[in-house]
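What follows is a set of structures to go through.
What follows is a pair of complexes built around chain A, which joins chain B in one and chain C in the other.
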Partner chain A sequence: MQGFVATGLIGISLGAQYALLALGFTLIFGILGVVNFAHGGFYVLGGYLAYSAVTFLGMPYALAVVCAALGTTGLGYLFERFALDRLIDDHLATLMLTLGLYMMMSSGILVIFGPQSPAFAFPLTGVIRGYGFFVPVENLVVLGICIVGILSIYGLMYHTDFGRALRALADDRAVATAQGLRPTVLFPAAFALATGLAGLTGALVTPILSLAPHIGDPVLATSFLIVILGGLGSVGGATVAAFLVGMVEAFSAVYLGGSKGALALFVLVLVMLVVKPSGLFGHRVRGA
Partner chain B sequence: MSITRRSLLLSGAAVGAALAGSNTSVLAAEQELTLGVVGVLSGPAAQWGLALRGAVEFVAAEANRDGLIKIGGAPCKVNVVAIDSKYTAEGAAAAANTLAGQGVKFIIGPIGSPELTGVKPIAKRNLMLVMGNSYAKDALSPQMPLVFHVGPGPSGWADPIIKIAKQKFGIKSVVLVAPNDQGGTDIASVDADAYKKNGIAATEEYYQRGTTNFAPIVTRIMNAKPEAVDLASSPPGDAGIMVKQLRQAGFEGPIGRLGGPGYSEISRVAGGDEVLKDFYWYEPVFIDEKAQQIADDYKKLLGTERPENNLFFQWVSGARMVVKAIAKAGTADTAKVAEALRALPVSDPNLGAGHWIGQDFFGINQELSFPFGVGLVTGGKLQPTMRVEAAGGK
Partner chain C sequence: MTARSLSTRRDGGIAEAASVAVIACVFVVPWVSENPMIYSLANQMLIAITAAFSVYIMLRMNLMTFAVPTFMAIGGYTVAILGLRHGVTDVLLLGVASFVVPALFALPLGALVLRLTGVYFVLVTFVLTEITQLVLFETPGWTGGSNGLVGMPAVTFFGIELGDNRAVLLVTTGLALAGATITAMVTRGLRQHFAAIEENELLAQSLGLVVWHYKAFGFAVAAGVSGLAGFALVNMLLTAHPTSFSPLSSVNYIAYAIIGGKGSMLGPVVGGALLIWAGEIFALRGEYSQFLFGFLIVVVVLAARDGVVGTIYRLGVRLVSPGPSSSSLKASPAALRVPTATEPQP
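Right after this comes the complex of A and B.
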């Protein structure tokens, strides 16, 4: 029972991180129809921007996280506005563009910072212990921020005109455009919001795990897995799927072992795709 | 001035002679020998690959400084080409293929077992001599006579380290953790056998390479309630996160690492020696003042600090042995160089004397064995490295 509680807490913590990350990925797909292969790159970049701000500029960590999120937001905006937007309906071209951006980002980071993990630690330490469980304080802080971030995205998407406009564009771009919504303004904003979320997650999570140029690969794979499981483009689906993935990962790794844990996730997705190809909350597969 | 046929012929002959002379000198100056490096230059194990590349560049610079290599009696410049293997079999195979395509006959590296598995068939097909690492059970074999081993795997050094750790920390049970590929399973299983032979109960845990959050695996380890945890060949970046998460989970026992070195990066990622607390590991080379001299020479020759990881010293000794064998053979014919290498006594100006071993474990005596070290952190304080004699026998 003790291990069960501890594992559940790990699952929730993983799920919250995954949700914040996957929300950005699913926003881009749902609104723009673009599969953002650079998502893991923005996560890594967020980590390195926060690290640089703390190490080279002497900023407090909290401010560095904000700067990292803003930095990835800005880069995402510029990339969508000046590169992606021109080819937004060409799915193969956008795929190659985002993949190319990811390679440029990871290679650039490798050249600038080198391949080794820099010393980037979370400013708070300590562990809270109870009967049968323990939670590092840093994980609690990150969990709290992730939950606030997730709720903020929901608030933005479902309770503001900006969110309604984005959802209208996602539902039917032609009708939304005819109603006066401007994709050239909203698409870069949506992309920037998503890459900002990836950067924020990177800045928060890398100090409690580790920071290295290659860590975007598993992040991208996890994001993919979550949005497929949740239903492509579904914000609610991505959130539920993220927590489900976190739980499955934690429980399967603890009770079946590390290797079988990774396998369990893919079996889950396989079963889901066979039983419900559109995912947990997906209504239809978006037309290519 | 009129141009006669005679003067035209004479001037033509003079130009021809000049060109022929310059051509000879160009040919002599251009005789080159390339040492190929296949090593992991990105990802969590990059520190190992950087050490390998730095070592080979240093040995090449030494050979060029001393005019060591002569092929067919003519001086020969030694070059280095390094290609990232990405710590995968396919990455290493691609790197070896690229080197073969460039006519490179000597490969120093790779480091990990999956990489060496990828390199060996390419090397065999192209008659390349490989001075590799890998703690795999099949790293060497009589079927691959051109493959040599830069140092022994756990079969050569696990036992004395475990004896020291047992005496120091009184361990009775251990969980070994490693990636679930050949780079992890081969080492962890040999380590586990060595623990068992010393009366320590050992179980193995494996994780998917690429895992970034080890909290679930740490919880699983904690549920097993071991007295010690051994991170075996987990890359330094992964090992650092695991140490940190183990300590956060309340694990108080000693943590070992009977795999590749990487103490400095593990300590940095984990949060310092006070987080390591009680930690023991294998140092492939015992670094005394004489060994340390290599680092000073490196700075003098190449103008920068030597790579951080201590595998560097081991790769220097391995690359030096290959260069010595090429110099002795006086040819780039890899079969003749291999023959010369087998006949060379194992010795290094900085690391001292060692042995050729491997017959008992691999069936072929092509494994370099030098004195090595056991690193210790006790109570959060780094201790002087302990020297252990080179593994002998066959």
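Right after this comes the complex of A and C.
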């Protein structure tokens, strides 16, 4: 029973991390209509920026996380503003652009930092034990930050003018533009917000899991699973699906072993795509 | 689709014939060189080009596929299992099996996934490659799991063993030639149908074209061509291993087709040969070649949408006849009319 509860807590922690990651992915698709193949790359970059800030600049970890998030935000803004924006309505072209960027990012990191995983540990360690459960401290801290991050995104999207403007652009760009909203300003900001979330997740999670140049590949696959399951472009769907995936992953790792749980999830998502492409909570998706 | 790519495709079957001819020329290599480096390079190029043909076929229907490694794995493992467990070594039988089995596998799959278009089709094929990878690891009884299938016997041609470097290159060339010929026949024979689907699937359907017939046929053929590439890869490595068919290797095959140019069959040939050559000759292995591929994808998508072949073609047309070419490049809507949908279907 103790193991069951502990696994559940790990699953919730994983789900929160995935939610923070997938929110960025689904925001980009929902608002810009872009499938961001570079999302895993921004996650890895966030991890390496935080690692560099701590190791080479001697920053405290918390400040390094902020710097990593800001760094990926800035890169995302520049990429959207000067590359993606020119082809924003062409789904396949934007997909190829982000794919190209991902290849450049992951190989650039590999060239600079080498293939070995650097020693990048979470500053807090230990285990909290309670009646019938135990949970690592770092998982709890990350869980807390992720929940704050998720709630902030919800607040931003549903309770600010910026969020309303983004949602208006996602609903009907022509009408929103006629009402005075400026896609050339808001789209780069939305992309930057999403890549910042990926960088933040990378900086928070890689000290617990692992940091290596190619960990973006499974992260990208997980993001795909979550947004397809939840519904491409659906913020609520992505959050629910992220926790679902986190729980399945945690329990299958403990009780099934190997990659059987992942296989089951992928098959579930394949069936979902074929039967209901819009996902559990998705609506009609523009251009897809 | 641009007027440029349309005009590229209307130049008879020159691109298709040239692609087949270029690949056939590789048969000469074993007789003029004994350099193992050249053999290795030629093998890699031909496998890359054959796999890129699969991407090209699907792009002709405006479908971006990440499923190439899946069908390569099916073709490759079919050959390995036939050789190891059933003693089948005849190259012709294995070649047919490596084409037919993935194509048959693609037919029921296509019936499901070809209802999806655009981003959804991209995602479903990406998920498919992830599933393939996991299945390969999780079924050690069939596929050898993480060890793969090793110790395959050399393939034979009418009893003659094709085991040395020279013979392996000949087998790869033969498979690539078969892949090129099939791709040329299908894309040439159905060019108008594919163009109609690419231009406007709904319109083509409303004008009487049974779209899903052509999409399913194209998907099955693309799968078969991937299977041929899988056979060539397994035969070259003498092992069938999951890592040879990793999901992200599909990115490379897409890169070959896009950077070479998706408007003509010469695109995958030029793209595959150029990028493999660049990676090897400039010693840009692994991470460096990935950076180069990524950079080239970004440049091509931003600055030269028609890829290397399309851009050279466009520049050539401008140089030869600047007046008429500019008018043809700015084709009227009538020139962009899709003729296929109104034509009798086979």
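One rule holds in what follows: the second predicted complex is superposed on the first by the 278 of 288 C-alpha atoms of A that agree within 3 Å, B and C clash if a C-alpha of one lies under 4 Å from a C-alpha of the other, contacts with A are read in each partner's own complex, and residues count from 1 in each chain.
Here is the rule we go by: a residue touches a chain if its C-beta (ideal position, glycine included) is under 8 Å from a C-beta of that chain, and two chains touch if they have at least 3 such contacts.
Owing to the predicted nature of the structure, the values given are computational and were not obtained by experimental measurement.
If you put the two complexes together on chain A, you find that chain B and chain C bump into each other.
Residue contacts after overlaying the shared chain place A:I150 against neither chain B nor chain C. In the superposition on chain A, A:F266 makes contact with chain C only, not with chain B.
By the touch criterion defined above, A:D217 lies against chain B and chain C together after alignment on the C-alpha atoms of chain A. Contacts of A:L209 after superposition on the shared chain: chain B is touched, whereas chain C is not.
Of the two partner chains, neither chain B nor chain C is touched by A:L166.
Judged by the touch definition given at the top, the superposed model places A:L110 against both chain B and chain C.
In the superposition on chain A, contact of A:L14 is made with chain B only, not with chain C. Looking at the shared chain after the overlay, A:C67 reaches neither chain B nor chain C.
In the three-chain superposition model, chain A touches both chain B and chain C at residues 110, 213, 217, 258-259, 262.
Put simply, chain B touches chain A in their complex at residues 41-44, 46-47, 50, 180, 205-208, 210-213, 215-217, 219-220, 222-223, 237, 240-241, 248-250, 265, 268-269, 271, 308.
Interface residues of chain A, counted against chain C in their complex, comprise 29, 35, 83, 86-87, 91-93, 95-97, 99-108, 110-111, 213, 217, 221, 224-225, 228, 232, 258-260, 262-263, 266-267, 269-270, 273-274, 277, 285, 287-288.
The residues of chain A lying in touch with chain B in their complex are 3, 6-7, 10, 13-14, 110, 115-117, 119, 121, 125, 127, 129, 134, 136, 209-210, 212-215, 217-219, 249-255, 257-259, 261-262. Contacts from chain C toward chain A in the complex involve residues 62, 64, 112-113, 115-120, 122-124, 126-128, 130-131, 134-135, 137-138, 247-248, 251, 254, 258, 286-288, 290-291, 293-298, 301-302, 305.
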